[in-house]
Structure formats: C-alpha cells, structure tokens
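The following blocks contain the structures, represented as structure tokens.
Below are two complexes that have chain A in common, paired first with chain B and then with chain C.
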Partner chain A sequence: MKLHTFRIGGVHPDDHKLTAEIPTKKAELPKKAIFPLSQHIGAPAKPVVKRGDKVKVGTLIAEAGGFVSAPIFSSVSGTVEKIDNVIDATGYLKPAIIVNVDGDEWEESIDRSDKLETVESHPELTPEEIISRVKNAGVTGMGGAGFPTFIKLTPPPTTKAECVIINGVECEPYITADYRLMLEHTDEIIQGLYLLMKAVKVEKGYIGIEDNKPKAIEIFEQKTAGDPRIEIVPLKKKYPQGGEKQLVDAVINRQVPAPPAIPVNVGAIVQNVGTAFAVYQAVMKNKPLFERYTTVTGLQVKNPGNFLVRMGTTFGQLIDYCGGLPEGDNKVLAGGPMMGKSVASLDVPVCKGTNSITVLTGADAHRKKVQNCIRCGKCVSACPMGLEPYLLATLSAAQEWERLESEDVTSCISCGSCQFTCPAHRPLLDNITFGKGHVMGIIKARIAKAKAEAAKAKA
Partner chain B sequence: MGKLVVSLSPHAHGTDTVERNMFGVVIALIPALLVSFLYFGLGSVVVCLTSVAACMFFEWAISKYMLSQEPSLTDGSAIVTGLLLGMNLPSNLPLWIIIIGALVAIGVGKMSFGGLGHNPFNPALVGRCFLLVSFPAQMTSWPLIGQLGKYSDAVTGATPLSIMKTAIKTNDPSVLNSVPDALHLLLGNNPTGGAGTIGEVCALALILGLCFMLWRKIITWHIPVAIIATVFVFSGLLHLANPVYANPLTVILSGGLMLGAIFMATDYVTSPMTHKGQIIYGVCIGFLTVVIRNWGSYPEGMSFAILIMNGFTPLINYYVKPKRFGEVPAKK
Partner chain C sequence: MNFILSAVLVLGAIGLIAAVVLYACSKKFAVYEDPRIGQVQEVLPGANCGGCGFAGCADMAGALVKACDGGSLEGLLCPVGGQAVMDQVADLLGMAAANSEPLVAVVRCYGTCELRPRVAEYDGLMTCSAVNATGRGETGCGYGCLGCGDCVSACNFDAIKMNPETGLPEVDEDKCTSCGACVKACPRHIIELRKKGPKNRRVYVRCVNKDKGAVARKNCKVACIGCGKCEKVCKFDAITIENNLSYIDPNKCRLCTKCVDECPTGAIVKVNFPVRKPKPAPAAEEAKPATATATAQTTAKEEPKTVNSNDKEEAKA
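Showing the complex of A and B:
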C-alpha cells in the first residue's frame, strides 16, 4: 500500500493516543452552561434571549452577528441566568450567555432517533437547501479553527470546486475524538460527505486518514467499497498533516498558493470528520450544533476518556470526572499540545471547536531553558510551508515589518513544527505569531486605505 | 496544589537538544581519535588533551570574567572546538603553541562575537589558520606514523599532499609514484610513514563518523557530499588533462579533505541554513580547495576554502530561499 503525505517539512511528535480504544461516554449534564458568543472565526453572535428566559436543548440563543458568523444554540434546558463577560480559551474576557440547567427537555423539532437517513432517500434536498440548513444550525469547522461551514460551501465564483476532502487525520498528539467518531459514526460521516458533495456539486470525495488509525481506514474502506466516487486515502503519519493545505497536498498532490488563496483555488473543499457528522445531524436530523466529541487526556490524568459533551460544560467538570488535576504544576490545553491554547482558568467552557482537553503535568507543563540559536537549520527543514522560522523570529523581534512581509510571514500556519524541533528551545513561534499579527494589520490597513482612496476618486 | 501554567503553543517539544548534537559530534570523532592514538601515540594524546583543556578553560574564563555570562561549558561546544583544533594540528606541536591556538580559537574566533551561535567563522579553523601563518615551520613539520612513545622529538617526513605539490612544481608525474595508494590512504597505514595532522590520518574512521552523524540526524548529507564530489570531479578532470595532477581518488582520501568536509564545513553556525545553500557552499569549498592545493603556496587548502566560504554564508542565506509551499508543481 503506497502511503501519501505532504511534500515539505513536517515533524514526528510522540503519539500518546492514550484514549484511542476507550469508547465514548456521554458526559454528565452541567449545572450551569456557559455559551461564549465568539466560538467561531468572524463576528460574535448576537444574543436573542434575555435574563430569565426559559430555553430548551436546541433553542436558538444567539443569532449570526454578520456574514462571517454563526448562530449559537443552547445545549441544555433551563433558565438564562445572565449575559456576562467570562474568560474563554483565548484568555480574554468575552461576553457569554449563562444558563442555569434544569432537567433535560429538548426542542421537539429535533429527531433524536438513531435511524440512518441516506441522501438517496431524500431527493428533495437541493444544494441550496443543504447549505441553508448547515448555516441555520450554526455548524462551524470542528477541527479547531472554527470557520463557519456554509461559507466554505459557497466558494467564490472565480473558483471551481472539484472534490470534497474529509479530514480524518487527527495529527495532533493525544487527541482521539475524531478517531472515536470515525469508528462509532462511520455511516453518518459518509452520509455527511455525500451531503457536502451534493452541496458543492462535485462527484468526488476523499477521506484522508493517517496510518496510525488502521481500524478507521479499514472500516471506511469496507463501507465505501461499492462507491467509486469515494476514495479512502491512507496517509503516512506526519505532523501537521491535518493542516488544510498539507492535507490537500497529501491527498490530491496540489499545493494551494500563498495567501489569500484557499484550498478551493486548487479545487478542494476540506472538512473535518466532526464537521461532516455535524452536517449530517443538521440536515437529516434537524439538530443544531450543541454537542461534540471531546477527548479528556494527559499522561498523569487518572481516567482519561472520550466524551460526548454538551457545549458550555466547563473544563473543570470534565477534568474532575476523569480524576481531577494531577499533583504538581499543570498546563490545561483546549486542543492538543502542538496547537492547543493553554487556559488560564478551569471555568472555560467546551465550545464548538474544543476537540480535546489535554493536561500536561510537571516538567511537561514548563518550557525548557532557551539557549543561543546554533543556526542548525532544523527549523527550516521542519517548516511545512517552506519558510525560514529562525529568520522570521529574529525579524519579528527586531520589528522589521517590511522585510518580514517580503519573507512571506503571512504564509505561516502556526503549526509549531519549528519550535518543536529547535534544539536550543527558542520561542520561535511566539515571535513569529507576534510579527505575523502586526504584518497582517499593516496589510489590512493598506487594503482599507486603497479602498477608501478608490471611493474618493469615484466621488 | 501546583500552578496552572499558561503559555503560547506549541506545548510539546522534541527530544533534540544542543547538547545532544554537540556530544553527538564528539562521539562521531571517537573513531578518528582512537585511530590517531594508534598511529601517533603519545604526541596525539598530549596535543588533543591540551587543546580540549585549553579551549574549555578559555571559554569558562572569558564568559565568566569578561562577558559576565553564565559559563556555557555544559553545552559541549567548547569540547567540539577543542577536539577539532587538536585534530587539525601536527602531533609534535609544542604545548605553548597549542594554548595560543586555543586562545585565538575561543577568544577571537568565538567569544569576541558573543559566544556560541554568533561567530561568523569556524573557531577551530580560525585557531588553526592563525597558527599556520604565525608558526609556519612548526605547523608544517609532520611526524611519521608509528612513533608511539615520542612527542616533540618525533621524526618528520613528507605528507602525501606535499608530494603531490612537488609533482606539480617540478612538472614531473613520476614523483607521484611515492604517493600511497587509495587503500593505504583510507586506512592511514602509509608504508613510507608520511601522514599529516592528527585527525586526517585515516579517512575510513572519519567516514564512520559521518555515517553516525547522518544516522543520528545531526547533519545532512548535503555539505560533505557536495564538497567531496566537487573535489573528485574537478581533480579528475585535471588528472585526465595532465598526469602531474594526482589521481582523484587519492586526492579525496588525502590531507584534511575528509576531516574538513565531514566535521569542519558542517559546523552549524557557519554554514548555510537551507539545503540548496549548503550545496552551493559545498561546491564552492570543493572548488577552492582544489585551486589552493594545486596552484596556491600551501599544499593544503581545505581550511582556507572553508573560512572563505564561511564569509559568504550570510550572503548565501540572504539570496538562497527554500521553496515556499505553493511553488512546488504537482507531480504526475
């Protein structure tokens, strides 16, 4: 079997997939659920409930706050306690709706049966109808970035989608939420893929899975054997293969050009397996996005596991259920150790993009001592975008914005391969993230200025 | 209850460290070091030990008393510099010259620029070339192999490289008959006893070290292969054109070529960052080495070639960029 992979750079972190063979359990209902209004890329959602309102499971509590935005639904039944600022995974105080939980009453429109609905048996679903249901159900990318899914399904008219690629890579260490989902809801993911293919009017679908998940590869190959439109692509394990651009390169051997190009510029629409499942539930079961698969894991965590979690449940509750925080210093991550965000409080809730709560303990929680750059060039070899991290980090620290832009800092995908591989433990990505943010700001301001001048010239 | 630690991603780190790389180089040098003890005996032990000890002392003293930094002896880089300097010297060199070499290598070559990672030139080569131009007589008298108990009193003789130089100067290809054959050069057991510096006596031991460093991913193949291939091709062409130029196989196996290509030119700090840049750098070193060896005034050109290209490394880094993602065409 020939294994595919992406062509530039990459690293091999230890797997630590401790929870791979632990079947998913339903997490306990929280007593209080917290719904931050920014759980996605784009404008925050606007609340449509007020203090004292009764909500059910699946009730709309905040509507999309702009074009690039997504509505938010309650995952619990109860009473809205307040709308207040809370610390979210990014560490900032952001507005959130807080609901006091009472019972578990669901909206009646949600189909709670396990019956598999196939795309074939629902010819009435037009592409427009699928996209509209996905949009109205608040589905966003479930892999972590949280881009509203309906936007990806309506690519710019200058591009042409040729295939849908389902991301079953899960290249982050520790996390097994996607893996469990693939084993436990294979049929629904495949129907989700058909829905996505129908929505963007393509006849080709790929599912990319790394070879450290042979069971998932096998079950998908069995279930799609009769359909030549679907191809399962086993991939050689390498981080960051789950990065959108790396996955497109690995699966269809095309490289997405530098930003602002996106995968659909080379014909690919990439969606996470969790998103495919959410699309299935939104379209076929009329179930908005309010629960998700989340792994709670860590080498020192007593009872790690995979959970079906109602969003709004706090990290603290899930960690306590798994045996509490281990002794010593801990770093608690929303996500995995390569790209996850370390949280400043255990009251942070699980959101649409929280695929894992990873607890690093003791020495793992701390960074190692920074030494001089020995100019070994290993960061350059590791960078999957073909950049020179040592140079970008130095230029960022020196605030050389123009040179930084000409060295393509905006292509950085923040995967952390450079810092992971650095023998001198230099904070490469810290610096690059700072520089990239500043350069992006400069570029945005430049575009805005050009637009304003063009408008002036017209008037 | 411990602290809740917050930092930016990534939160995982690979197992690679500066120490792992530096001590990896030391381990890779062990075969060559053992072989040199076998061939040069006492002299080699004295020179290498003195060089390592002096380099470590100067690194410690300068960082503590002149730079007021935490001494960085534990990273192993001073040991590597000391070993490489020692292995680039003749085995009968007086102690005081070695100590001056170590002072120039560490003090001028490395610490004056700010220590590890900041030096533009390979410190060991700075030390060696300083000694070569300051003490040309002592630095070009080469003990014959097999005098295990002797140090400064060892009998000296012509090296394979100086024989090659004589052939060119006298325009007489028959002089080359006294150059040992490739197998003897590979193993270092030259029947006439002519050798060279401590580290360059046995090409095979150095190649073993290369294999170890490639296996441990301490270096990549680009620089050594580019240098050796360039020297082989260039001197091969010269040999075909005029037989006073030695056979390319003996050229790549003699002198400091292997030591330089494998251990000196691959120094992280002073070599280019990208593989493409490393190949350009290697090809230029190979070319310059052949030019200096054949037409320069010294019989060996490796050290100068590497130092010259060290100077070009920032320029190479500036102009040679890795292929960015999105620029690689689809392969069919």
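Showing the complex of A and C:
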C-alpha cells in the first residue's frame, strides 16, 4: 500500500507518544473554574451572568461578541464569584468569569446517555439546523487555533465545498488526546462526520490518519467498511501533516494557494476529530462545548495520561494530579513541543483549544546556544510552505516589512520545522512570527484604509 | 604628431558640444529652489534623526520655509537644536519663533530586579518588541520595562543606557535631545517626553501599570496602585487617575512635591531636587543645590525603597 503525504518539506521529530495506550480518565472537578472570554479567534465573548448568579453545567455564561466569535458555557455547577482580569496563556491579564464550584448539577436539556444517535434516524435535521446548533453550542476548532466552526461550515458563496476531511493526524509529538478519542468514540466521530457532510451538502468524507496509529486506522476502516462515501486515508508520518493545507495536499492531492485562500477554495473543508466529536455532541446530545480531551505529558512527569477535562480547570491542578512538576527547570507548554506556547504561570485554565499540557524538563526546557547561519539551506528544504525561512528571519530582524511581504511571509503556518531543523539553533520562527504579525497589521490597515476610501467615494 | 593633434581636436570638439548641450539643458530644465531652504538647513543641526517628524533636516528646512510663507512657525520644532536653533531659524526667516519648552525623555518604570521579582524565565528573541508580542515577560507586571534595550538601540545620541544593576534604561539628560526615537521604539509606551522643568526639576509617576492596586503591588513594590492619595493632596488639579494609574500633567504641576511625600508605594518621584539632609532639625531644611548628583533621583522618605534609590546615586557618583 502506498502511503500518501504532502509534497514539500516536513520534518521527523521524535514521537514520544508516552500516553498512547493509557485510557482516558475523567479529571477531578476543579474547586474554582476560570473561563476566559477570549478562547477563540475573533471578538471576545460578552458575559451574560453577574456576580452571585447560580450556574449549572452547560449554562450559557457568555454570548458571542461579534460575527467571528463563539459563546461560552459553564463546565461546572456553582456560583459566579466574579468577573475579573485573570492571567491567560500569554501572561497578560484578560477578562474571565470565575465560578466557585458546588456539586455537579447538569442542565436538564443535555442528553447524558451513551446511546448512539445516527444521522439516518434524524431526518428532521436540515443543514441550516445543524449549523445553527453548532453555532449556539459554541463549538470552535479543537486542534489548537480555535476558529469558530460554524463559519467554516458556511463557506464564501464564490467557493464550492466538495468534501469534508477529518483531521486525525495528530502529528505533534507527545500529544495523544485525539488518538484516544478516535479509539474510544469512533462511532460518534463517524456520525459527526456525517453531520458535517450534511451541513455543507457534500457526499464525500475523508478521515486522514498517520500510520503511527495503526489501531485507529484499523477500527475506522472496520466501522466504515459498508459506506463508499467515507474513505479512510492512511498517511505517511511526517510533521506538520496536521496543518490544514498539508492535509488537503496529502489526502486529495490539491494545493491551497497563498493567503487569503483557504482550503475551501480547492473544495475541502477540514475539521479536527475533536471538532467532529463536539459537533456530534452539540447536535445529537444538545451538549454545548464545555469539556475536552487533553493530554498531560512529559518525559519526566510521573503519571502522564489522557483526561476528559472540564474547561476552566487550571494547568496546575492537572499537573498536580499527574504527580506534580518534576524538579529543576520546567517549561510548561499549552500544546505540543513544536507549536505549543509556553505559559508563564500554572494558574492558566484549560480552554477550548488546549489539546495538551506538555512539560519539558532540564535541558529540553532551554534553548541551545545560537550560532551563525552557515547557509546550509536545511530550513528551506524543511519548510512545508516552500518559503525561505533564513531569508524571512533576516528580513524580520532588519524590519524590512515590504520585502517581507513580497517574500510571502503571510503564508507561514508557524509550524516550527525550520527552527527544529536548523543546525545552528537560530531563532528562525521567533523572528518570522514577529515579522508576520507586523506585516499582517500593515495589510489589515491597508484594507481598512481602502474600505474607508471606497465608502467616502460612494458618499 | 598628426595622430596627437587629431585626438586633441576630436576630444576637444566632443567636450565643446557636450558643454553646449549641458548649458542648454541646465537653463531649459532648471528647477527653482528657494535659497532660504539651504540657509535654514545650514542652521539646523544636521543629525537627520527625524525627531521633528520630517524625513531629515533638509525636509524640515523645506517645511520651515513653507510655514514661513504661510505666516507662522507654530508647531514646528527641532527637538535636537531646541529653542536656540529655532530662534536662529526665525531670525533668518524674519519671523517670531514659536515658544517651546525643552523636553527630556523619562523612563516611567522603576521595577528593578529587587523590587519586581522575576517569576519566569524568557528564553527567546531578545528584543522588547518580540518579548511584548510573546507575553508579559519575566516578571508579573504586564506593563513594565522588559529590559532588552530597544530604546538603547533606537537612540542616535548615545543618551540612553542600560543599567546592568537595575536592568532598566537610564537617560543622560545632557545628551538627550528629545527626538522621541526611544518613545517610538518602546513597545510598552513607558518612555515619555516631559518638560525638562525649571532647573531640570521634575515630578512624575514612575509607573505605567494599569492593574488593580493589589495585583500591581504584588508584582512590583514600587507600582502605582491608583489609591488616589496624590490626587487629593494636589492643590493644582495636576493629577488625574485613570485605569488605576495616576498621571501628573506637566503643564499644571507646580513642583510642590506633596504627592511625592504622600505616595504610599514611592511610585511618584522628584528628580534633580536638592537633597534634603536626613537630620530633622529645621535649619537643615534649607535648600542646597545638588551638583555632583545632578541626575540623582531621590524621595524624601526614610524607607527601604528610598535606600535603594540612594544606593543607586552612590553607584552612579
């Protein structure tokens, strides 16, 4: 069998899937749950509760604050203590709702049974109904970036969706949350895929899984054997296969053009397995997004594992449950070691996009000494977007924004392959991300200016 | 012989034709430039720092002449040359110079290594703008100085330097031309251009933290907690408190220094005031101008933080 993969670049970091065979446990309820109002890309949510209000599990506590936004639901039952600024993953203080936990009382509208609801048995579900339920349940991308899912399901009218691709790649080292989900909730994910296909009115669904998860490939192939509409695509292990554009290339062999093009421009809608599961729960079980699968891992962590975590639980509590922080210097990442962001405090809560808490210890926690660029070109061959990282990094450091834009810095997906592969340990990604942020700002300002001028010309 | 003569003749003829063409072109395509622009540019310092808001001194000279034709030099100031240069320019153009007070850059953060404990270690790109984009940095304060020296590298006049002991930048008032390059370079807007003040005396809030008092104080011992004591004690309405942060309006402040004594955290400082002798005898209260410690910063209170501040003076002296 020939395995597919994306065509350019990519690296092969060590797998370290320590927790792959550890079944998921339910994490303990927190004593205090923290819900940051900005858990997704887009406008922050607006709180609809106030101090002293009683909330149950699944109660709406903040509504969407704009078109690109998502509502937030309480994951615990108890009393709203306050709405205050608390530390978020970047270390800055951001507004959040803090709930004191008391018991575990669920909203009655949530179906808590394990019975599998199939799409065939619910013909009343129209595509519009599915999208509206997904929107109202606050489902966002569960792979990390956290883009509100309903927007992905309503592609721009100039494009036409042809297939849904479920992302079961999990190419980041260490993380196993998606893998455990695939093994433990296979049927639900398949029903979630049917729902997504129905929502965007397509007849073809793919599930891309890397070949380092043979069990997941096998179980999905068994369960979908009778349905020609769904195809399981085993992929050759390579990082960053889980990137949307890389996955579209690997699975259906089409290339997404440079931004602002998105996968749907070539007919694909990509969703994470976690998102498919959340969509199933939101539509069939009327359960909003308030808990997720998260891996707590690290080579020196005593009892790493996979957990079903109520959002709002702090990193510190989960790490304590796993045996506490190892001795010495630790770097705690929200996400995996390739793309995860290190957190400045353990009081950061688990959010919609927190797929893993990775603890790097000792030498792993520190960067290696930066040396001079020897022009070996390894970063260029590793870049999955076909960019020239060494050049982009130099231009960013020199603040040459125009040149940076013409070199397509906005195509960078921040996968970190360049920095991983650099033999001189140069901080390539740091520089590029910084430059990219600046260039994006310039482009946004330019668009806003053009819009304002167009409005002026009209008036 | 004939060979040399023909070469001289040919080259001479080419030269003559070229000269005629050049002369004709220079007459035909001549662009008139106001001769005053050149004269004004001579007077300007020639640092090309851009502090005036124009691309360089030539650009500024053009703008000045244009403003002269417009009737007023209001709003144009060379911060490097200051009032002296502006007066010369005004003389040259036969105008009255707009009055301006000399400014100086002040660093509004005093979270030194001891006063603002480090809670994490930053291990990445060492520029302030990168650290600021990544997160709050190594300390608990999301507003304070990051200490990577973007301001130092922005300064064209060698007027701002990192103090390795405090980890904070320090401005050399004699060298600072108030061009504003450091103000633009600081991603956290900590540096402000303030009036130099009479005898270089200034009173300002040395903090930009907008967190609530308890949070701010927990992260830094000299943070402004927005308690409002200074606002109450000020007789001249110079102090406003917004977002848990006090700000002293330099145009209203009369340098009475009551707020300095009132501030419970020592976030308000007075600089270049005569050092008061520690003895409480009333005779010792007499003002004595500081000379050697012209740039020394001190508060009048006998508290540990004051001791720190004095230590710094000694280190500097």
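Here is the rule we go by: the second predicted complex is superposed on the first by the 459 of 459 C-alpha atoms of A that agree within 3 Å, B and C clash if a C-alpha of one lies under 4 Å from a C-alpha of the other, contacts with A are read in each partner's own complex, and residues count from 1 in each chain.
What we mean here is this: a contact is a pair of C-beta atoms (placed from the backbone, for glycine too) under 8 Å apart; a residue touches a chain by one contact, two chains touch by 3 or more.
These numbers come from a predicted model, not from an experiment.
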Is this a clash or a fit when chain B and chain C both end up on chain A? fit
Is A:Gly437 contacted by the first partner chain B, the second partner chain C, both or neither? second
Give one of first, second, both or neither to describe whether A:Tyr92 is in contact with chain B, with chain C, with both, or with none. second
For A:His366, select first, second, both or neither according to whether it touches chain B, chain C, the two together, or no partner. both
Go through the superposed model and pick first if A:Tyr293 touches only chain B, second if only chain C, both, or neither. neither
Considering only touches as defined above, state whether A:Asp329 meets chain B (first), chain C (second), both or neither. both
Could you work out the angle between chain B and chain C as seen from chain A, using CA centres and rounding to the nearest 10 degrees? 70
With both complexes overlaid on chain A, does A:Tyr194 touch chain B (first), chain C (second), both or neither? neither
State whether A:Ile8 touches chain B only (first), chain C only (second), both chains, or neither. first
Thinking of the overlay built on chain A, is A:Ala344 touched by chain B (first), by chain C (second), by both, or by neither? both
Least C-alpha distance (whole Å) that remains between chain C and chain B when both complexes are overlaid: 5
Can you list the residues of chain A that touch chain B in one structure and chain C in the other? 91, 329, 331, 344-345, 366-367, 427, 430, 433
Spell out the part of chain A that touches chain B in their complex, as residue ranges. 7-8, 11, 13-14, 91, 173, 245, 249, 253-258, 261, 325, 327-333, 335, 337-346, 360, 364-368, 371-378, 380-381, 383-388, 390-391, 408, 411, 414-416, 419-425, 427, 429-430, 433
Contact footprint of chain C on chain A as seen in their complex: 85, 90-93, 329, 331, 344-345, 366-367, 427, 430-431, 433-434, 437
Touching chain A in the complex: which residues of chain C? 119-121, 123-125, 129-130, 133-137, 142, 211-212, 215
Flag every residue of chain B that touches chain A in the complex, lowest number first. 1-14, 16-18, 20-21, 72, 75, 77, 115-118, 220, 268-275, 278, 317, 321-328, 330-331
